[in-house]
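Down below are the structures I want you to see.
In what comes next, subunit A is part of two complexes: it sits with subunit B in the first one and with subunit C in the second one.
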Partner chain A sequence: MRTRQTLLTLSTLLVFSAVMFAGTVNGKVTYTGTPAKPKPIDMSKEPSCAKQHATPITTESVVTGPDNALENVVVYVSSGAPDDGQVPPQAVTFDQKGCQYVPHVLVMHTDQELKIVNDDQTSHNIHPLSKVNVEWNKSQPPGTPPITTKYDKPEFISVKCNIHPWMHGEFAVLKTNHFDVSKGSGTFSLPNLPPGKYTLTAWQEDYGVQTADVTITGNETKEVNFTFKAKAY
Partner chain B sequence: MNRLKPMRFIATAIVGAVFCATFATSVLAQAPDVPQVGPLQKLQVKHMESHIGNITGSSENAKTNYRRYCVGCHGDYGDGNGENAVWLDPKPRDFTIATFKCRSTLTGTLPTDEDLFNTIARGLTNSNMPIWNHLSKQERADLVAYIKIFSPRWDKEKAGTPITVPPEPPVTLESISHGEALFTKLECWKCHGPHGEGDGPSASTLTDSQNNPIRPYNFALGGNDSRFKCGSTNQDIYKIFMTGVDGTPMPSFADVIQPNDAWDLVHFLRTLQIHRKSKENDVLMAAHGVIPPYVDKTPAPAPAAPADNKSPGGGQ
Partner chain C sequence: MAKLFAVIIVIIAILSAIPIVKHTWAAPEDISTHGALIDEQMGETMVEAGIAFLAAQLILALFVWQFSNRGRESKLKTFPGGAKGLVIGAILLVGLEVLALGVFGVKAWANQYLTPPAANAMPIQAQAGQFAFYFRYPGPDGKFGPIHPEMINEGNQNLFGLDPEHDVESRDDIVAAELAVPINKEIHLLMHAKDVGHSFFVRELRVQQDFVPGLDVSVHFTANKVGKYEIVCTQLCGLGHYNMRAYLEVMSQQDFDNWLKQQSGQ
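What follows is the complex of A and B.
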């Protein structure tokens, strides 16, 4: 009985301290060198989409901001995260709008529900080119219900629509909820990290991955920055 | 002296030939019935089974036949990197990812044993995969089991449930024209072209999942013997677009087409095969005297000629 009480107290203390002494990792993702210029997309073959864009949109494989900031980089705790395997109950949504994927990079947990919506007046086919997970390819004409699915293995998956070859997005299927996608200013934030040693991974679809180790000792904020070498093509 | 030279040459040649023959015999004597080279010798064939009707295939029994018939293209490791692969387009199937084109099951699921069995028998039209129906049913069943040794998916997953194909309704003009409306609405023409000739606006951009260029199916090619990749019956066409052709740009329409609509689409697709005699084309001929896609293009009598006097692939 006493052992149980002690255990209970201890675990309560542990949980409490984890909440009390949660650290944060903030940082910025930048590039060096000269990245390829985004290419304008010609949607004239799909007028219903073309008219949704006042100015032609450009490719989104590499999106940069001021001061060499790199947007759309997935930064996540690749090892050491305490909540690996806790699948968020809510679904993530991947929208097809104006013959573009919104968001361009969608992060989800393994086994988290993924909802794919077609907001366009044209048929799309959703073809995620998974290699580790099972590959499938489905048609989604306008006005049809969302496609709901999930991925059971962590993987970065390129998504394309074969009907509209310019459409290109990315699924980042992770085993952690500690992730962020870098903003227009290149910044990211990973809050609520209990004390421990972590490996952070930053992934950019064209430039690959980078890792960094960080140790959180208490209620503190650490800074970790990532710099990718830009590819000129 | 000069005369001796040819003699000496012949003598050397004979000695050489005898040596070679001895060497070859000694090597061959050690070899099993079928020459086995490379990694397969070391490859322990995992036991896998296939069940087709009352036939049970087992992977061990297919080792020789795989070596003899399949390895040249599909490779020692079943990864589609056989020695002929570089010359082939489309590329040989990579069994290690267990993605298959011709299935009766939904997209993303494993095909049934029967699906693979039929594919081996049928071959894949417009590719280098020939017809293998000269192999016995048992041999083909064994090969189906053998294919499964290459991917762990066969251990973890069950084959998908085959889709149900409801009985085919009669071919009518309404059915065909409704099918045509679906062909437009579902944007099949974006790849397959307005007349199904594989020349839609996106056709030139298509790549398969290995990033190799791939052509959409051209319905208009071929005569009475024209086949689809996954079979030649109306039921087969129904399955192709409902299940999708996995590993290619062709998606599954199973979630978006109702069974009756699907049959209408099948009926319309048949009429795109303008040189093939079919009940669908007969209905159109009876109604219009011509097959509609060519009303504007061709003088009236030409397309009215029955398809059976045309050579396969022949134009007007």
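What follows is the complex of A and C.
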């Protein structure tokens, strides 16, 4: 009887502490040095796409903002917080629009439904270059229903179109729900972190990864910043 | 019945000759200095093959008309044997015709393939890959930086696998998705395939040349009419083959210089 009571109290405490003492990590991702200038993409061979862009789009491998901000960096808890095993029930959508992947970096949980949509008047052939997960490539003519799939192992996967060589995107399959993608201002926010010691990883497709340790003791907000060294070429 | 067949053969032969004689499907306007020779050669081939075709059909019809009702007991000539002279004569005639086409065709062929480009021809590199063409200009230094296939990365548009960080010659190289050339300037197109076999075909330019993986192939040509022409892949190369194209833009020297400047500024 006593053990049961103790257990009950303990679990109640745990649940409460998770809700009551949830910390937040805020931060900013920046770069030092001079990043290579984004290169314009010539889509003239696909007029239906080219006409959707008043000015030619540029490469998105490195997207910067004011004050050396670095956009599209995936920041996530790589260790410390055990995966709660909760796969978000809603699907994430990867759109092909104007012969470009929207969003450029798409984060999803393992086993979360991934919906791939073709909004263009032309055929695409989506080819995620996975190495840990099973690799596949599928043709998607205009007007066909979305392709739905999922990945069961965590991995960063480059995505290309086998028909339009300039199309390039990234999938980040994570085994955690504690993640964010840095905005145009370079900022990110990881809320609802229960007390504990964590390792945060920031991943940039061209510049690699950086890690930082952070300890959350209670209901507090901590700041963690990441700085990547820009590549001039 | 046999006579009806003979008449139908004659009608089909004449009907198929009409659009050829009337130039119903004429080739598009030629925009190259070497194209006139090719067109002339094509014309000659068409006339010779056309005459041979018509003659063969008419003789066939004549024979059918003449000898269709000879009865069962008549004897057929066989080869070798009775028809020896006729068959040898036919072989010689066709052989001579093919040989003559070859001999006369050398002029057009040699002009394009056996003659090296002029020393001052402008080198442009063409790379074919599934499913797009890309072109590289050497830039002000006149040198192409080396290619590192392992560094090819379409995601950041490093389409040729250049390493400007370490290769000084690569830094001013210009890579474009269209082939811009100045008018009346000989172009030496250095071609290589990134993956499988492709082909470079511009109808107006009268150039069709395959890309062969592993081989450095080249062609040279001089375009002499300003305009925009389609470059298509004419070697089935995979799923997106139908969509593999680029544009050849023939410009005045001034426009070309501006274009280069604009490209290198990007």
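As a convention for this text, the second predicted complex is superposed on the first by the 229 of 233 C-alpha atoms of A that agree within 3 Å, B and C clash if a C-alpha of one lies under 4 Å from a C-alpha of the other, contacts with A are read in each partner's own complex, and residues count from 1 in each chain.
Throughout what follows, a contact is a pair of C-beta atoms (placed from the backbone, for glycine too) under 8 Å apart; a residue touches a chain by one contact, two chains touch by 3 or more.
Note that the structure is a prediction, hence the values are computed from the model and not measured.
Visitor: With everything superposed onto subunit A, say whether subunit B and subunit C fit together or clash.
Guide: Aligned on subunit A, subunit B and subunit C clash with each other.
Visitor: After lining up the shared chain so the two structures overlap, which partner does A:D42 touch, if you call subunit B first and subunit C second: first, second, both or neither?
Guide: second
Visitor: Touching A:K51, do we find subunit B (first), subunit C (second), both, or neither?
Guide: Neither partner.
Visitor: Regarding the shared-chain residue A:K153, is it in contact with subunit B (first), subunit C (second), both, or neither?
Guide: In the superposed model, A:K153 contacts neither subunit B nor subunit C.
Visitor: Just subunit B (first), just subunit C (second), both, or neither: which does A:N125 touch?
Guide: After superposition on chain A, A:N125 lies in contact with both partners, subunit B and subunit C.
Visitor: Looking at the overlay, what does A:K229 touch: subunit B (first), subunit C (second), both, or neither?
Guide: Neither partner.
Visitor: Given the superposition on chain A, which partner contacts more residues in subunit A: subunit B or subunit C?
Guide: It is C that touches the greater number of subunit A residues.
Visitor: Counting only touches as set out at the top, which of subunit B and subunit C does A:H168 meet: first, second, both, neither?
Guide: In the superposition, A:H168 contacts subunit C only.
Visitor: Does the superposition put A:P141 against subunit B (first), subunit C (second), both, or neither?
Guide: After superposition on chain A, A:P141 lies in contact with subunit B alone.
Visitor: For A:S61, select first, second, both or neither according to whether it touches subunit B, subunit C, the two together, or no partner.
Guide: Second partner only, subunit C.
Visitor: Could you pull out which residues of subunit A sit against subunit B in one structure and against subunit C in the other?
Guide: Common to the two interfaces on subunit A: residues 45, 122-123, 125, 139, 162-165.
Visitor: Taking the touch rule as given, give the residues of subunit A at its contact with subunit B in the complex, in rising order.
Guide: Touch residues, subunit A against subunit B: 45, 122-123, 125-127, 129, 131, 134-141, 144-145, 147, 162-165.
Visitor: Would you mind writing out the residues of subunit A in touch with subunit C in their complex?
Guide: It is residues 36-37, 39-46, 59, 61-62, 122-123, 125, 139, 158, 160, 162-168, 205-206, 231-233 of subunit A that touch subunit C.
Visitor: Note which residues of subunit C are touching subunit A in the complex, please.
Guide: It is residues 129-132, 154-157, 159, 163-165, 176-178, 238-240, 243-247, 266 of subunit C that touch subunit A.
Visitor: Can you check the complex and tell me which residues of subunit B touch subunit A?
Guide: 97, 99, 107-109, 153, 185-187, 190-191, 201-202, 205-206, 209, 244, 246-256
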